[in-house]
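Letters A, B, C and D mark the chains as written, and numbering starts fresh at 1 in each.
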């Protein structure tokens, strides 16, 4: 039974047209469809129809994120597992959103909406699958390879971690513990896909989005992203640096609605037999901002 | 049921002491144990006791490689699957090699020896798992993160691919087909771990090793590797370039016994639902050496 | 008295329109003017009106290259020095080419045409000189910062070196000597500008061009250049590697007329008090192709 | 007449042994001599005997910096020019410091001590000048190529700029002006060597050091430097970012005495005919920290 990856996120944005401009020109995604107040976008290196949905709304934030499972059987399997865990699921019917089939929606212990799905049109990449070049002809902006992960806040990090590791059987790469070892205040989890994380939680208000992250190739692309954001006056919150947690290179910035984005490169590979790395809360700034070693106020407070 | 990764390779080398010098000073692995004419080495970013075994022998080549499975149950499961496929297995008893438990050995349709195993001491990394720094204090040489994959040659690439995708249930990321589409002359396969390949085959003599590859971080590390190899007169066969197949950045060179090594960075992420990329044989040079687009004689002929 | 830099090169090309496409779309220069069968181009990071002139002609090669001096007084000074050295000069009148003032033309001991000039319109960069962004809005192709150097062939490398170091008072960073130390077969020279070379000569037929080089930022840009060239089927002669001579990272390829181009990053800084590095002819392959350490046939033979 | 480069800086440090450890293990310089409470160090890619002198003292700061001129005649020439400008010079006799000959010392309009010198032993690099490898066998720490520049503070930036451009005939690459265009509050100047700056001034208290900068190769080396500093608990003030001024990539941190250091890569090339780039004071944060666009308090206040 296989959860493959975080496959999509649906963000609430205040002004759809302005957001489309940002996500296409600055981030460099491609609009693949529009319908009923939503825009559907994908990164150039993704096979599925879309990975990002923008939904015009009164307040920014995350409508939901979704994990793609390997088969319809997996969908049923995890539906049962989730209910056994004690969460309620409901079926989202085919056609609710463009190019998607049926999905299962669940409210997480942290109040976030998550979907599991298998059925989505696989429209492929411009490079094709026959004697492909490594890059498409044209890329724009930051030009990430893919949607990489979302980081959310919630009150009960321990329980939501149990949900993912027990009901969804995914893996915890790192955790942040209070000094007395009693409470978990940070949790980074990944499906069996080698990634450092697909989904992460930091203690904070329930049902909030901290950031949605896009994968770029190299530390040079992080610099290029920072230069481009500065060039076009996109507010950068965290300038290029390394996380000790996940070991990745990173930059944080905001979309026009105030949703935080990350451009992210590097990071280690993970396997099911790798131990969970533990951080103690006193080292959290070191873990998140390895070079600065001090927390950034807005990084804790600005949530959508 | 889970095959996690290629976890080890045992290479035959002509002069053990000279080989240890090369694999520690040039490649930058660490010797973690010696026993009965064998040296055991690991890369700095691996948790398990070792990933490379050097065995003094009369001729170079690959003694065997091994895939680590997630549990002892998986071991039994794949043992049955392999036998159902029609290959003979035998149990390798605990203690045959240092720090390893029981393993299953099988002769592949291409004549290579492969093992499946779960039990190996997990000795960890110098950075530890509590508030770790991203790097250890000291790294030497090319300093790869891990053993990444082996590429082997064999006559029947189609059957050995069937073995891996059916009996071991791993995935084919890319294949090279003859122009008439009848025969498979190249096959790149990976476990469910996001890697572009753990194991690959190119049509050629049975039971031969083409190369063993080590993962480095960046294209800069490929340059650093090339500079270091030139600095210490290690013969470089393929200077820094990109593969279109796997999209990785690469350099090839030879260990003192003539076993080909690769230092490898980048490459795309893979998932079970990704289609297999197809190369036609007329584009094989383009696929392997994206910038040169011509085959290199020795690259086809030098096998161990 | 100051020679500042190689400021322009005029290349003969077989098909002007095709060449313009190549130098704008692939190299990423900008056409700044056309006149009388010539196209004038510049790189995005150059202040002067143009650095490359394309001249339609029956055979490829170098019409001339030019060194920019600091003032008109310098022009007269070097005119005298050149004549004292024994070369004949002639004045090229203002208006011979677009945006250029008067220049001095001299036939080098190797038969090449060189000009010295001061007067050229300084049209600036798109980033401007008031609170500039580091990059312009749009760059295309390889997008080099500037024309960097030309390498020419000639029979008498020693004399042409004396011409540059004595008459033009520029500096020799490196030289290649025959094993007996009698003859100079390679010479790399730079004005007082920190560059590793503005002009270089390798023993060979007189009056021939080996290559014209463009400066890119990083080793990553060398990879990007290689990928782009492969993407658009431009023949790459030398895939990404390092020179030991000048220490630069490099790739060589050909324009549509067969003129060799180089994209070049890195290299050391030079000063007037730095000793000349000496290479012995037996190490020439090591000096030029640090990783390969073998000469490439075409690299010696393909001249325009 | 030629000023070649900033060739040395002498820093006051509180604890000589601790400082030597820092400048050798962390920065990666080599101690080349010790004498009379001073330690002499050089970077691996410098030919002269030393570029950094550490002097044990009661307070940190800059004892002096020195520009190397091309000949003894140049020394006399600039001695006269400096006196004509209205500054007093005195001769520092040979043997005052190790491996140095006679020098001219002058008190700048900003109160800093500067020396001009030609005579210093040229002890060469470990790579030698005959068929050299691009790198020495061993480098440690950040391993910069050279001392690159110093940035100082002073009240009268305009006058000290006139001193350098008129008396020393060097060039101003960039300047920061008050909004009314009346006062100069920043000035970046370089000798004729292609560098973006050898010496810079920012308005502030006289006779103070803002930072001494070391040149590294690439943006990756800036990351490596940041990782290393964090690894060994060296306080980083400014994490990896880009300057718009000079366009360089950078990181700032402190030596054990509180002297600010910079590791610096990239930056544009300069020539005598390049216009001076102008910044208006309201854009100073954008100019210095291109990604952050906000000034950092300590960056203004921490001076030694």
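As a convention for this text, a contact is a pair of C-beta atoms (placed from the backbone, for glycine too) under 8 Å apart; a residue touches a chain by one contact, two chains touch by 3 or more.
For reference, the UniProt names are A, B, C, D = Metapyrocatechase.
This structure is a prediction, so every number in the text was calculated from the model and none was measured.
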Interchain contact steps from chain A to chain C (minimum; 1 if touching): 1
Relative to chain C, chain with the most remote C-alpha centre: A
Distance between the centres, which are taken as Cα means, of chain D and chain A, whole angstrom: 44
Between chain D and chain B, distance of the C-alpha-averaged centres to the nearest whole Å: 48
For chain C paired with chain D, centre-to-centre distance based on mean C-alpha positions, whole Å: 31
Residues within chain B bordering two or more other chains: 133-134, 218-220, 227, 230, 242, 286, 290
Chain B partner contacts - residues on chain A that touch it in the complex: 2, 4-5, 45, 47, 68, 70, 122, 124, 129-134, 145-146, 192-195, 215, 217-219, 242, 244, 247, 266, 268-269, 271-280, 283, 286-287, 290
Chain C partner contacts - residues on chain B that touch it in the complex: 219-220, 223, 226-227, 229-230, 236, 239-242, 249, 251, 286, 289-293
Interfacial residue positions of chain B with respect to chain D in the complex: 133-135, 137, 218, 220, 227, 230-231
